[in-house]
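A short write-up of the structure that comes next.
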Amino acid sequence: MGWFNRSRSKPAAQGKTKSEDMWVVCPSCEAHVFKEEWHKGLKVCPKCNFHDRLTCHERVKLILDTGTWHELGGSVSTTDPLEFVDGKGRYADKAEAAKEKTGLNESVLTGRGKISGRRIVMAVMDFRFLGGSLGSGTGEKILRAATYALKHKLPYIVVSASGGARMHEGIVSLMQMAKTCAGIARLHKARIPYISILTHPTTGGVSASYAMVGDINISEPGALIGFAGRRVIEETIKQKLPDDFQTAEYLLDHGFIDSIVNRSEMKDYLMNVLRYWRAR
Amino acid sequence: MGWFNRSRSKPAAQGKTKSEDMWVVCPSCEAHVFKEEWHKGLKVCPKCNFHDRLTCHERVKLILDTGTWHELGGSVSTTDPLEFVDGKGRYADKAEAAKEKTGLNESVLTGRGKISGRRIVMAVMDFRFLGGSLGSGTGEKILRAATYALKHKLPYIVVSASGGARMHEGIVSLMQMAKTCAGIARLHKARIPYISILTHPTTGGVSASYAMVGDINISEPGALIGFAGRRVIEETIKQKLPDDFQTAEYLLDHGFIDSIVNRSEMKDYLMNVLRYWRAR
Amino acid sequence: MSMDFEKPLVELEEKMAELVKLNENEDVKFDTEIAELEKKMKSISKKTYSKLTPWQTVQVARHSQRPLIRDYITGMCSEFIELHGDRCFGDDQGIIGGFAKIDDVRVMLIGHQKGKTVEENIKSNFGMANPEGYRKALRLMKLAEKYRIPVLSLIDTPGAYPGLEAEARGQAEAIARNLMEMATLETPIVVVITGEGGSGGAIGIGVGDVVLMLSNSVYSVISPEGCASILWRDGSKAPVAADALKLTAESLLELGVIDEIIKEPSGGAHRSYSEALPAVKETILRHLEKLSKVSGRKLTERRFDKYAKIGRF
Amino acid sequence: MSMDFEKPLVELEEKMAELVKLNENEDVKFDTEIAELEKKMKSISKKTYSKLTPWQTVQVARHSQRPLIRDYITGMCSEFIELHGDRCFGDDQGIIGGFAKIDDVRVMLIGHQKGKTVEENIKSNFGMANPEGYRKALRLMKLAEKYRIPVLSLIDTPGAYPGLEAEARGQAEAIARNLMEMATLETPIVVVITGEGGSGGAIGIGVGDVVLMLSNSVYSVISPEGCASILWRDGSKAPVAADALKLTAESLLELGVIDEIIKEPSGGAHRSYSEALPAVKETILRHLEKLSKVSGRKLTERRFDKYAKIGRF
């Protein structure tokens, strides 16, 4: 369920784009792409169509109408319920460092905004923040946004990118799975749309909670999605896994993803889908 | 979906006990059993535990408290919506012959009664009546009994034994699948128990409608249960099917049967299960 | 591509094509001959198609060029957002579905998928769905209920797939559950039998407030071939069985099993998509419009009554 | 069968057994020696068990003789009617369930199944459930809701099974759906962590109105071994990880994740089923009694609030 053991699972899963001054190396096919082209192409590899990680702000910009984003839950931040210390030091310090590095207060950014003029509530995870792990702050923010959506009868969109539970918060992290799903359950009963976008990577406790129960589950090409880590599975079953195992395409074939959508078409896709909901 | 093509599918499926004066030959293992023993043993083979077919009256006697059975829907009888004639003559005549032979008006007997003092509504199919096929009279009776159960807030038990739809009533037979399931759906919404007992054999359009959607699906040892006929499947996939294919045991393994219950314990089992329902 | 009973007509058509070609290239004109031939064709066509036997209708319903679900999507819908998977086992291609827009009306479209090429047919298993197809359909119908949009179900299948794995994964259960859930789904359901309505595989997504049939489609508890081989021990008696089974739209309307027949162009829908599809679209929209005024609860009550009264008592 | 930290005690126990045997057969009596030894044992036992480290607790929680779901059924229930299957794919043995009667109270009992023999463990996959196990559990919970009886969920799993097929059939989806459905299930849910509460595999049937823990059970987001090998790159640091993870009942009570601790007999539940099981039973019945007075709707509201406030903001 942890996110750490995932980051080494396969090349594509690393997601870090080794950048030099001029160009970027695709983490999937290792093609060299001019940095400018890479960013103009929304971090999608022009060679292999791998959709590299976006920051939460990039995602907001990609999906929402310009200038319509209003952050919600900005006061919620990481907590350290276990006063956790590992070999390299205190979790609290680690969390502070993540905050400084990213400018975020947690692994998810929540707010409201508009897609082609239509009001929605959105939560966007950011893998840079402790591997997008599900901390209690993450869960709190995702639930608060769900509650906001419920109250205002607005569709809720969650963009996941996470290695899973946050070990340093122990059982409190695990409980966030139940907590967030309780929020989604209420939306479901109230017939309010909940759309889940599972981006690279979405695994462990996040895939096994809110990310997997969208009215519609959307992913991006090549995204890694799964419950258990590749290595753990290989050790358990003592055999090599197929190459496409736990890719978005694999999950589409196996019935868990409604659609794989190119990044450049994501906004239009969402707009089109949301029009099918008749609010009352 | 027809019942005819099933009766030749495998020895056990024939179910007819070749009887001579003194003894019965088990249709499954071909053991010779004294007739008296056979009947005292509720038509269960003492050698292989095969549960041979019962008539609807034998089933009522097996399950209900003595003297509590009251027939309902006795006025409903076969109809001939297609005015069907096959190579051997009119369906209407065939139906009349079945009525005379069995003393029944359709392939199902419906009524109310008590199990250990607890009031229930029950429908029991009888394979002797045109292979227990699902005619429009069958559907009507099953729906009427469901409606009676709904109105009086009584648990509903259906004992199936059928080769499937009744070809001679064509599309009208097919529609009985939807019709009966509509009745079951109402019970479900009203939180009234619906227990399905799938006896040997339950196939085709009956397995694909009310028989398969019990709160609890019960079967008897060795019963044949399935959608398509064995021969049709073998012709389609061009391979031999495993021996236990479509047996109650196979369906238990595959998640579709809650419990396989010996005939001699069926009444107690039902009584015990029904006590878990809290009527309101 | 042509069926036996069409042969005389097809021969005339070929002659006509020749004449038209000659007419273009030569100095000698065949205008009168063409007019004559046209007249003759019309008369023969009328005779051929005005009263197809049930068995001929079966052939038209199965015609390899008959419009399939993808044709209806292209021809009727300005948008189709296909949704995939049953969220449990797989994404069957024997039944597909998704959000669809017909003029201004948004629906959840589900339906059997057949193919026209061998490749397409292998992918979609010739329109014979597996349990996960029925379960995907149910998921989408529940989504339609949540989003308050109607369900449009297009039926065209020889039947549910009779395979080992399909049985193991509960073909019977999947169909049965759909029958039960569709009975109480609180959103309008319009069903159109566009080609073959094959038994349990058809009704598995075929419970609706309104059931429509194209004039050359068929709907039956068993295929005529299957029926013949069982009842007459002779598959070649299929035409007799087709007759006995009362599987044509007209018979079904009489029996009260369907609500309306959508007339196909003369010769069958495959002869003119441009005539066939608009008629289907118009009829669907008309019924959707009517149903949109009925509350969910009322719909389920009416739907119950509709099915409760099939079979005459 | 004994754990490292129990060795001194086990040695005394063996000595005691010898003495008792001698006492029976010989003329010379050892009554005083036995009394002495008994006293000593009590003292050591108290010292050994009064304050187990988290890592020692993990060992007790995993003890091969610890009571398992079948023991609880035998020990607490006067009736158990096992129900099988997810009505979709299979009947998992990693999670079992059925109607159960505890004194006069009827419940739907579900829970992980581990085994004591190799055979049992292979059958139940060591308590690691597959997606169909979670789906069976959900079906049974929905049935409990329909029949208006409470759900009792017994947790004892190293985690959901990390296998190829489990992933292919949607381990993540199955757990996620349960979390969502359990949140709004309109019947009481009492959860008891009886042994190992292993991560997502545990919470997948672990959302409840009341969550109880046996005093030597553990509940954690990851196994101490897994945590140690990730954070310290050294599996032998598991005791350190066990400490850091705050996985004991006491810690979890402090964190507000569980509601009550059920005290085990000294040395652990495996040392005396006859003491352990009645305490579990009594506690369950007490909570069921209280919950039985709350309406379904009210229950789901409270359950929501309970989980909404985990994590301090």
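For reference, chains read A, B, C and D in written order, and residue numbers begin at 1 within each chain.
Basically, a contact is a pair of C-beta atoms (placed from the backbone, for glycine too) under 8 Å apart; a residue touches a chain by one contact, two chains touch by 3 or more.
Note that the structure is a prediction, hence the values are computed from the model and not measured.
Remark: among chain pairs A-D and B-D, A-D carries the greater number of C-beta contacts.
When you average the Cα atoms of each chain and compare centres, the chain farthest from chain C turns out to be D.
With centres defined as mean CA coordinates, chain B is found 51 Å away from chain A. With centres defined as mean CA coordinates, chain D is found 32 Å away from chain A. Note: centroid distance chain B to chain D, computed from Cα atoms, is 42 Å. Averaged C-alpha coordinates put the centre of chain C at 55 Å from the centre of chain D.
Of all residues in chain B, those that touch two or more other chains are 188, 254-256.
Shared interface positions of chain D, defined as residues touching 2 or more other chains, are 87-89, 169-170, 173, 177. In summary, the structure contains touching chain pairs A-C, A-D, B-C, B-D, C-D.
The residues of chain A lying in touch with chain C in their complex are 188, 191, 193, 215-216, 252-259, 269, 272-273, 275-278, 280. Across the complex, chain D is touched by residues 1-2, 4-5, 76, 79, 81-82, 84-88, 136-137, 139-140, 143, 165, 167, 169-179, 181-186, 188-189, 204-205, 207-213, 225-229, 232-233, 236-237, 239, 241, 245-246, 254-256 of chain A. By the touch criterion given at the top, residues 87-89, 131, 135, 169-170, 173, 177 of chain C touch chain D in their complex. Chain D makes touch with chain B in their complex at residues 79, 81-91, 99, 106, 108, 132, 136, 143, 146-149. Only residues 159-164, 166-173, 175-177, 179-184, 199-200, 202-204, 206-207, 219-222, 226-227, 230-233, 237, 244-247, 252, 255, 257, 303-304, 307-308, 310-313 of chain C touch chain B when the two sit together in their complex.
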